[in-house]
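There are structures below to look over.
Note that chain A is present in both complexes that follow, paired respectively with chain B and with chain C.
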Partner chain A sequence: MKKRKRYIAWIFLAPSLIMYLYFFVYPTIEAVRLSFYKWSGFSKNMEFVGLKNFSKLISDDSFLAALKNTLLLLVIGGIGIFLLAFIFSLLLGSGIKGKKVYRAIIFFPFIIAPVVHSIYWGLLVYNPRTGMLNQLFKLLNIEILAKFTFTDIRHIFGSVLFVVIWSSVGFYLILLMAGIERIPPYLYEAARIEGATELKMFFKITLPLVKEVLVIAMIFWGINAIKMFDLLYAFGGILPPRSLWTNAIYLYIVGFGKRDPIFQLGYASAIGVATLLLVVIVAFIIRKLIRREIYEY
Partner chain B sequence: MKVNKFSFRKLIMHAILVIWCTSIGMLLYFMITSSFKTNKTVFKQLWSLPEKLSLTNFANAWSNLNFGRYTFNSVFVVIISVALIIIISAPASYALTRMKMRFAQPMTFFYLAGMGIPFQLLFIPLFKIMASLNMVNTLPGLIIVYTALSIPFTVFLLTGFFLSIPSELEDAAFIDGCNEFQTFFKIMVPMATPGIVTAAIFNFIGLWNEYMLALIFITGKENKTLSLGLYSLYSSLQYTSDWASIFAGSVLVIIPTTIIFIILSEKLISGITLGAIK
Partner chain C sequence: MKKLFIWLLIATFAVSMVFMGIGCKKTEEAAAPAEEVEEEPAEEAAPAEEEVVGEPKTIVWWSLWNEQEPNAVVIKKWIEEYKKVKPEITIDIAFVGREVMTKVMAARSGGEVVDLVDTESYVLQGSLIKEGISLVMDEALDTPNYKGDGSWRDSFLSGTLEQHAANDGKVSVISYNLITNGFIYDKKLWNDNGWAAPKTWDEFLALCETIKTTSDIEPITQDAGVDFYNDMWNYQIMEKLKGPGALLAAVEDKTGKSWEDPAFKEGIELERELFDKGYFVEGCAGFTWPAGQLLLASGEAAMELCGSWLPCELKDQVSEDFEWGTFPFPEIAGGVGKITDMESYLIGWAAFNDTKVGPEIVDFLKFCTTADNQQIWVDETWNMSAILGTGIPPALEGLGKALLDSKALFSPHDGIPDVYPDYQKNIYLKNHNLAFLGEITPDEYVKLMKEETIAYWESQ
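Now for the complex of A and B:
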């Protein structure tokens, strides 16, 4: 048997590594560097301002509003998604008929373009003049909801949040179900013989044993929520109202905003760095909250 | 008595699931029926079926609103990007998991760390790089951006798959005198096909649907992708109010991913399961 040549591995790695380094890693480092400068993009002269961009962030009302929305999306959206995913996984795991069909349909909105979700919910569901939701509540004689404006700037973020949960839950359901299906059935049988209730089995068997998968799924959600752009941005029409801004959208508006160009590229980079820090903190918290104990079974 | 209670519970469970699934079916129903209605009837007769199945809206979107061109751009950019992503990520994932290379663990971490970077952070420097290469507002430029930014997630999925392949196969190939390249192409790629298919579908769906990066890197009208074209049409709605074409455009966007879903959803679901959860 020939000895395997280890250096060949680097040949396998090279194409992706070159692309990754030049078009991903290098711009990341460059963005961090830019966040210490004041730069409008057109002029060659970049002025080093140290941490000024970051101190400006803390007193910038628009940034704080965007950060609040980002956190709301992350936390409320996350609670909604995982609560529903657990409910559905229990319903589908109970030996119900048509499990695969239900699961596939619940997953379906995940493959639909976010713009299309924005159009459907914006024009046909929430819109007070053209949408069906107000008509539906009128039909059901629920006065308060029939007159409720779902697209009002005060309510629009909540309305979008529902769309985010509704369209994302299927993906996390699949992850959770995969984790639950790995749990050996004899554990449940034994618990049942001992007289455990369904609820008890969920908290004592399912939840602890699905932890590892849950951590992966939650970190996934954290990253996706923080960088979510397409659905929220399209929901606001030509220029999303401030009540819809998240970090991702605010960065785009400050850096590229097409309507009235601002081009504060250094400041926009600082928003990006703050957002990256948020990702790191969130991943850390999730890992801490749900310590990865490996159960042998 | 017990039997009754049992079936009542089943009924409630089915009811919850059916209501949720109906809300999903409604999206398809309303988007498709609306795409056949006219600007006058689309909101007035929201609930009813279209009077006739005329393709006027599709024809209008396709030629007058440039969606034909956008469709071609999307097909071109997405297919080439997906192919490139797989061609460069599969060997990398194999090297990281199976070749007993030095620094395999820190290198894997280095690749996966990219998943945590919010793409928005990269906008400005990456735009600068693409501008220096004269690739802003070109389809090859967009392909490069799509390929590079998809590496971390694809490597994440594929390393999961390569790890699940038993090492006996590899050893046998070496005993039979295969070199590293033969082993990879003749043994490992066929074994990892389910993973490669999952990664390809995932990237296809993600890139077909995305418009954020296209919005940054495509500045001209001619080079828009389908999702970006639809976004532009939607955001200019307050000036044009051409509702019917919007729905036709939306249907164009969702056709390919829906077809993939119908044919491959079981594969995709089991693929996510295998790749993301080793």
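Now for the complex of A and C:
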């Protein structure tokens, strides 16, 4: 009976498995294959160059700068998002009135298209002359900040990082709250009777019991951060400024050209393979760092 | 039961592999003619004589314009008119936007037929021509034009066909849209204030000082968040200091020593002088496009150095009494470049050499490049045309006249992206942008350019 059930399960799995193989595994293998070639993508002329594309990555300043931005986005963005998500989840879980309204407000930026974010923040908020932020500081008579250029070559990455955190925190808040709401209230009641503070309850009850959801949420973020493209790409208007290049943007520029006809699809595939490896490494590290323990309650 | 299940799974995988195989085969078949042609390109030249056409044929054209742009509206008019004279030819056009080459690359890899593409001519040079997969047009260019009153080649402004020819001189790109670069301003505003277009750099500086000190208008606006907009200053200055081709020659110098020429440092110093004297609008370093150009439209800034596409791009943003004025980049004392040395930035067509409708493409392009049809382009898109006998749009009078009188044409960014696009993006624009925005000194710029040029050539 068990064996029969297993066959049926395989039959039902087969269509999605085939699609997965065709739409994910096959292109991945193809990308790995292309990464060993010098190829423009236009003609059939492909020159086998072995590991040359990968050795070029190590000495390519543009790639290294893009990688640095990707890692900053992953780490700083991740810290910002999860810190805020935890703070909001604690506040919303503290019995505050209108919890659903606040949750919806925090979630709202997540449903806005990244291109809209880029136009709104780039032209309306950060504009050094007419932007809301500079105008606000002007009103408050904070001269230094009123003249601060949030989107110049030095500060644009930080400014966009803030937008990324602001627009993503709602999604991760929902994930964490789903985990937190599953924790039985009697655990907190017992802890309170024992005289535990809110902070102690967070570290001793909430965090350990939400660990499983947290791992999934962090892996989600890891993947999203490493492949993030749209918001950063759109932020530059015609062309993403160099300070905003991540692996994904650099891959696109090198592979498909953006005003400049670079068209190095083989090299772009090598960037893609390196990015995939980065995703695997990050997922592995997150799983190792936060070892899952099973709590039954 | 177990065996049956295993066979079922094997059969499912086999079917999926067959599908994958078909997909791959299709791609190979689609690309195969290109490879054959690369071996014998001479056979793929566009036919000189038109075939007698009667049977229905379709030209698949992917265009860089977006459907709502006036450029696309004119193209649709051409197609409609052409349909009246050649009803058997269908022009299957897709307005796919500026990233047309990326989309064409993907489509052709997937086996889709694309016969004709139009985009920036230097992009065509860096893709189709570089790869040897473009239809050579020389033979066709020597045949009569659409009206039969001269050769097709003679319809084009001198130098525009040759500008993006292959290394062996063969022409594949038929350029039609002619863009140039210079200063754009509101003539009414300038007349009201008594400002006149400068002819020399010293006059230009004096004008900026006058604007700054005698009005509440800022002299120059700049979308400084865009590196290739910032580079317009450098390549224009270098054209005036060293003449066309000097920047490109420095790129091609594998020893990097050319960058030690004091002119390259001087170029950066001249740009920085504009910042230091406060001639650029305040905060421009933090502008995300199009924040800078909107200041020209609103009258908060007096001028912008930009491509001649700007009036068309901004015409809906300016007030009713705004009068477009343009003037070329001024001469610099001690430099070899003249005020009449003008940028020629072209947009054109190229066909793939595996197309099955070569004669039809030639006939259609001849139709599109008649002076009458190009005049519609000029009138409705506010662009200039590479075809002789077409006028200059009123908004571009200053630049247009200078371009037609020009004795020396140069490509945007001195032609670096045409030949070395990765160098342009990763070395030249990167370092220039840092220097332009004052993140590095002119000396550091020269040092970086020298070092990175050497490293670039060592890595090739």
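Everything below uses one rule, namely that the second predicted complex is superposed on the first by the 272 of 297 C-alpha atoms of A that agree within 3 Å, B and C clash if a C-alpha of one lies under 4 Å from a C-alpha of the other, contacts with A are read in each partner's own complex, and residues count from 1 in each chain.
The rule is simple: a contact is a pair of C-beta atoms (placed from the backbone, for glycine too) under 8 Å apart; a residue touches a chain by one contact, two chains touch by 3 or more.
Just so we're clear, the structure is a prediction, and the values are computed from it rather than from any experiment.
Superposition of the two structures on chain A shows chain C clashing with chain B.
By the touch criterion stated above, A:75 is placed in contact with neither chain B nor chain C.
Using the contact criterion defined above for the overlaid structures, shared-chain residue A:59 touches chain C, although it does not reach chain B. Applying the stated contact rule after C-alpha superposition, one finds that A:83 touches neither chain B nor chain C. Of the two partner chains placed by the overlay, only chain B lies in contact with A:227; chain C stays clear of it.
Once chain A of one complex is fitted onto chain A of the other, the partner contacts of A:140 are absent, as it touches neither chain B nor chain C.
Contact with both chain B and chain C is seen for A:256 once the two complexes are overlaid on the shared chain.
By the touch criterion defined above, A:128 reaches chain C but does not reach chain B.
When the two complexes are overlaid on their common chain A, residue A:24 makes contact with chain B while staying clear of chain C.
With both complexes placed on chain A, chain A has more residues touched by B than by the other of chain B and chain C.
Of the two partner chains placed by the overlay, only chain C lies in contact with A:152; chain B stays clear of it.
Touching of chain A by both chain B and chain C, each in its own complex, is seen for residues 4, 10, 22, 26, 41, 118, 123, 129, 237-238, 256, 265. Within the complex formed with chain B, the residues of chain A that make contact are 1-2, 4-6, 8-10, 12-13, 15-17, 19-20, 22-28, 30-31, 34, 41, 87-88, 91-92, 94, 96, 100, 102-109, 111-120, 123-124, 129-130, 132, 135, 166, 171, 174-175, 178-179, 182, 213, 216, 220, 223, 226-227, 229-230, 233-234, 237-238, 247-248, 251-252, 255-256, 265, 268-269, 271-273, 275-276, 279-280, 283. Contact residues on chain B toward chain A in their complex (touch as defined above): 10, 13-14, 16-17, 20-21, 23-25, 27, 30-31, 34, 43, 46-47, 87-89, 91-92, 94-96, 99-102, 104, 107, 111, 114-126, 128-129, 144-145, 147-149, 151-152, 155, 174-175, 177, 179-181, 184, 205, 208-212, 216, 227, 230-231, 234-238, 243, 246-247, 250, 253-254, 257-258, 260-261, 265-266, 269, 272-273, 276-277.
Of all residues in chain C, only 1-2, 5, 8-9, 12-13, 16, 19-20, 28, 31-32, 34-35, 38, 99, 101-102, 105, 108-109, 120, 122-123, 125-128, 130-133, 223, 225-228, 281-283, 285-291, 295, 417, 421-422, 424-426, 429-430, 433-434, 437, 439, 459 touch chain A in the complex they form. Touching chain C in their complex are the following residues of chain A: 3-4, 7, 10-11, 14, 18, 21-22, 26, 40-45, 56, 59-62, 118, 122-123, 126-129, 147, 149-156, 235-239, 241-242, 253-254, 256-265.
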